[in-house]
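Pasting a structure here, questions to come.
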Amino acid sequence: MEKEHNLVPGDALWKRHLYRIIYRSDTRLGKLFDIILLSLILISTFIIMMESVPKLDKRFHYVFIISEWVISLFFTAEYWSRIAVLKNKKHYIFSFFGIIDFLALVPFYLSFIFPVTKYFLIFRMLRMLRVFRVFNLLDFMNDGTVIVRALKNSSRKIYIFLLFLVIFSVIVGSLMFMVEGGREGFETIPQAIYWAVVTVTTVGYGDVSPITPMGKFFAVILMLAGYSIIAVPTGIVTAEMRNKRQNLEKICERCGNEDIDDDARYCKQCGKKLA
Amino acid sequence: MEKEHNLVPGDALWKRHLYRIIYRSDTRLGKLFDIILLSLILISTFIIMMESVPKLDKRFHYVFIISEWVISLFFTAEYWSRIAVLKNKKHYIFSFFGIIDFLALVPFYLSFIFPVTKYFLIFRMLRMLRVFRVFNLLDFMNDGTVIVRALKNSSRKIYIFLLFLVIFSVIVGSLMFMVEGGREGFETIPQAIYWAVVTVTTVGYGDVSPITPMGKFFAVILMLAGYSIIAVPTGIVTAEMRNKRQNLEKICERCGNEDIDDDARYCKQCGKKLA
Amino acid sequence: MEKEHNLVPGDALWKRHLYRIIYRSDTRLGKLFDIILLSLILISTFIIMMESVPKLDKRFHYVFIISEWVISLFFTAEYWSRIAVLKNKKHYIFSFFGIIDFLALVPFYLSFIFPVTKYFLIFRMLRMLRVFRVFNLLDFMNDGTVIVRALKNSSRKIYIFLLFLVIFSVIVGSLMFMVEGGREGFETIPQAIYWAVVTVTTVGYGDVSPITPMGKFFAVILMLAGYSIIAVPTGIVTAEMRNKRQNLEKICERCGNEDIDDDARYCKQCGKKLA
Amino acid sequence: MEKEHNLVPGDALWKRHLYRIIYRSDTRLGKLFDIILLSLILISTFIIMMESVPKLDKRFHYVFIISEWVISLFFTAEYWSRIAVLKNKKHYIFSFFGIIDFLALVPFYLSFIFPVTKYFLIFRMLRMLRVFRVFNLLDFMNDGTVIVRALKNSSRKIYIFLLFLVIFSVIVGSLMFMVEGGREGFETIPQAIYWAVVTVTTVGYGDVSPITPMGKFFAVILMLAGYSIIAVPTGIVTAEMRNKRQNLEKICERCGNEDIDDDARYCKQCGKKLA
């Protein structure tokens, strides 16, 4: 998340006003702006989705195109305003949301030069991430940051767990390639690894499934393993989340009690007023 | 859950008696009433389910219709009694269970005016929710409320997690729409998003599954991500549940603080020694 | 688990000896007996499984039948010995394992009177449960009882959670029956409920999956809900397991610290020797 | 993980130098060596995977063969160096990674004597496990060992849980064999057990799924059971992980007790005040 207070507004009064509307939500206009922005992001995403349905695109083709124009122009105006009102422009432009805002605009303008391809689409979809900015402003993200922080703190452990999982899947996949030979869905090792991941994560599409009794036997072992393994990321994140729930730096000066809640004003063990 | 003690019985003695039977379960008649009610709810639900099976409906058509009549009349009588015995009638009528009770009756009476359509069905099914009322009375729900409270307390975090998940699925779905082109099951973006949700939640129907090697590669990454992500709601609820295990009965006499840990000897808000 | 010490051996010396061999595993013969028993249970289960494969049954028919005879006779002898050496015979006969032992023998003897049907099979399979008895003796079950206790203590909460889940599935299933009309796999409400359970538990066979866009939309919501709901039983059991890890009755007399581990001899807060 | 400091380097100076490069990563050359090793392991695994794809194998056959030669020779040189520089050679040769290193080389040399079969493949794939050694050196595994330790400490409980699960699946599978008779996918008991495991672990391929209403009813119960059961391994590992979060560095000076909670101020075993 970008730290909003690092973004110092420019000098002119209108810049300060606009800054408040765009970057804050403590005024009526600021809140209105956020809600309009949120609506446009959602509408825009919805249109991109509907455009991909041939039947709907045929029927509402011009509605979609005009809406896209209107929304893109609004987003462009918003992007320029965001830059204009700031003193430290670079800070915004190269921030996470600055890049997202830019990338969401690019495909619209590129489509004048290059023929529209479906590869633009994913950039247009990145607009959705802007939802978080609005939510951030609307003070809805305190709980979100708890989640993000817990994930971040346990990310190293999760990476290693995923590394384990990938290596495990590669070895199991190779084993199944040997066992199931060239049977359907196990023709190559990458295919067999795909099956192994589908199985161990308990997704189980069923587009590939073991056919020989030997293969089914190995599959059963893999499934039971996967069922036990699923506990690991859960354990990691849960332990981390509990961790984050108490102020780790506070300590009672009198009795040394370290189990102090964020909102505590007195030590629960000895009753001393906390600093 | 409605708070029963807010429902003051009417004046007349028979009202008081009926109130005790209907709203309480501390008398033999009251318990009998609850058990009959529970049975009728279950029988009624069972009949609705069986009615939908053509073979059974043909064979037992009149049994089903007559049962529905009997049960609906009983429920109607019960609904009127519930209102009659109360002084504060509005309180019940607009309470959660009051509305459920009403909605469960409506389709039966509407069927005299309008032709019976399957859209009535869902209202009739809402009767099932009344099971909770009976369980509530039978003092079986203490454990249930712990679950409900933990879910409620962590609901904001879960909403945000779901928001993350939806946006993640939308972006991944769009990506797969690009990768798998117009292949079966990935013809439109909403379709591809459907696939993404099916995959990331580890449901994995297999009605849609990636076909190209590139698509399978992305699917593998998505599955591994989903497998790690599943830890998040678990972590949230678990942390919350542990939280709620703190002493629910303790309260600080001086400042009224109710958030008191099991091992606390002093109030963490005002420093008072706890009894 | 039955409490072995309630089973008083009979008077005669050979009874005492046999008792030690059968019910204990602190002698060489006792351990040997346990290992033979364990092997026979596993072999017996393996044979029942193989018998069901026509190709193998044709080839090894007589091997299977003779093994079954030998094992059944051994189990019969064991059953009678178990009763013979005890004084309090009823206690064993009506204990959990006593009934299992009996049921595992019944189909063999019934097969002389009635024609063998596949319905005997499930009783023969119950023998597998006897594995736990042997493991119990071999002192391997301490960890098992922790699991069982945690499950038992949280069983009420889990039942209520399952009740929620069933009612939720019934209502969602009815909704989908309405949405997907009479389409394949959603012809009747019970069918639709089957689909709802398959989905919400993230099993996702794919034998039934939504076809209409509306149906897919509801399915997506159901999956996301199920994905959040899965956290509930995990939270319940985890909280319960942590719970059981500390002595809940101990308390430090001097400082009132209640967070006392099972193996603690001194209070970790004030250093007082614990009673 | 092998304890590197047990591997004493040989006497000669070049041995000490080579030892540092191979077994340590605190020099530039040592780090370079690790990175080359890591790259070769990954390239090698990638080649083995690609070889299994007929289309790619046809096109790049000689590229694959030459790379395999180069990598195998490098690994051979590395294996001999590893042994050469050590004094206590046996310690390495029979260590976990020593055996892995050896097994990864064997198929290459055996292929000169015996015709190449796909059964060599799995040994070649074991090379992937060497990744962990490199990561270990690069000090990336502290978090990994936390996971491994938590799994090890809860392994007994997990084994027993898996035993429960297997016996549960066998009994449920037999039951379904009876219910679904000889229907497709339930022709034999092992088949039915395969289905039971696929279901209870929530994998749900859908290659086998219940057909009769009775079978679907049992399947629903099994799924709900499995959904509750999944909480068990999670609870076990989570409890264990929280456990391991206690202060791993603290130790009682007087009695040597290492099981010291974060908030402990006195040793719970001997009552000594902790520093």
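Note that the chains are named A, B, C and D in the order they appear, and that numbering of residues resets to 1 at the start of each chain.
In this section, contacts are C-beta pairs under 8 Å (C-beta built on N, C-alpha and C of every residue); 3 or more make two chains touch, one makes a residue touch a chain.
Everything numeric here is computed off the predicted structure, so don't read it as measured data.
Placing every chain at the mean of its C-alpha atoms, the farthest one from chain B is found to be D. Judged by shared residue numbers over all numbers used at their interface, chain C and chain D contact each other through mostly different positions, with under half in common.
Of the chain pairs listed in B-D, A-C or A-B, the one whose interface repeats that of A-D (more than half of its contact pairs identical by residue number) is A-B. Chain pairs B-D and B-C differ in how many C-beta pairs they share in contact, with the greater number at B-C. Once the centre of each chain is set as its mean CA position, chain B and chain C turn out to be 29 Å apart. Averaged C-alpha coordinates put the centre of chain B at 41 Å from the centre of chain D.
Residue numbers of chain B whose C-beta contacts span two or more other chains: 161, 190, 193, 202-206, 230, 234-236, 238, 242, 263, 265. Residue ranges on chain C touching chain A, taken from their complex, read 202-206, 234, 238, 255, 257, 269.
Put simply, chain C touches chain B in their complex at residues 156-157, 160-161, 163-164, 167, 170-171, 174-175, 177-178, 181, 187-190, 193, 199, 202-206, 209, 213, 216, 219-220, 223-224, 226-228, 230-232, 234-236, 238-239, 242-243, 255-259.
Here chain C touches chain D in the complex through residues 45, 48-49, 52-54, 118-119, 121-122, 125-126, 128-129, 131-132, 135, 140-141, 143-144, 146-147, 150-151, 158, 161-162, 165-166, 190-191, 193-194, 197-198, 201-207, 230, 233-238, 240-242, 245, 259-261, 263-273, going by the rule given at the top.
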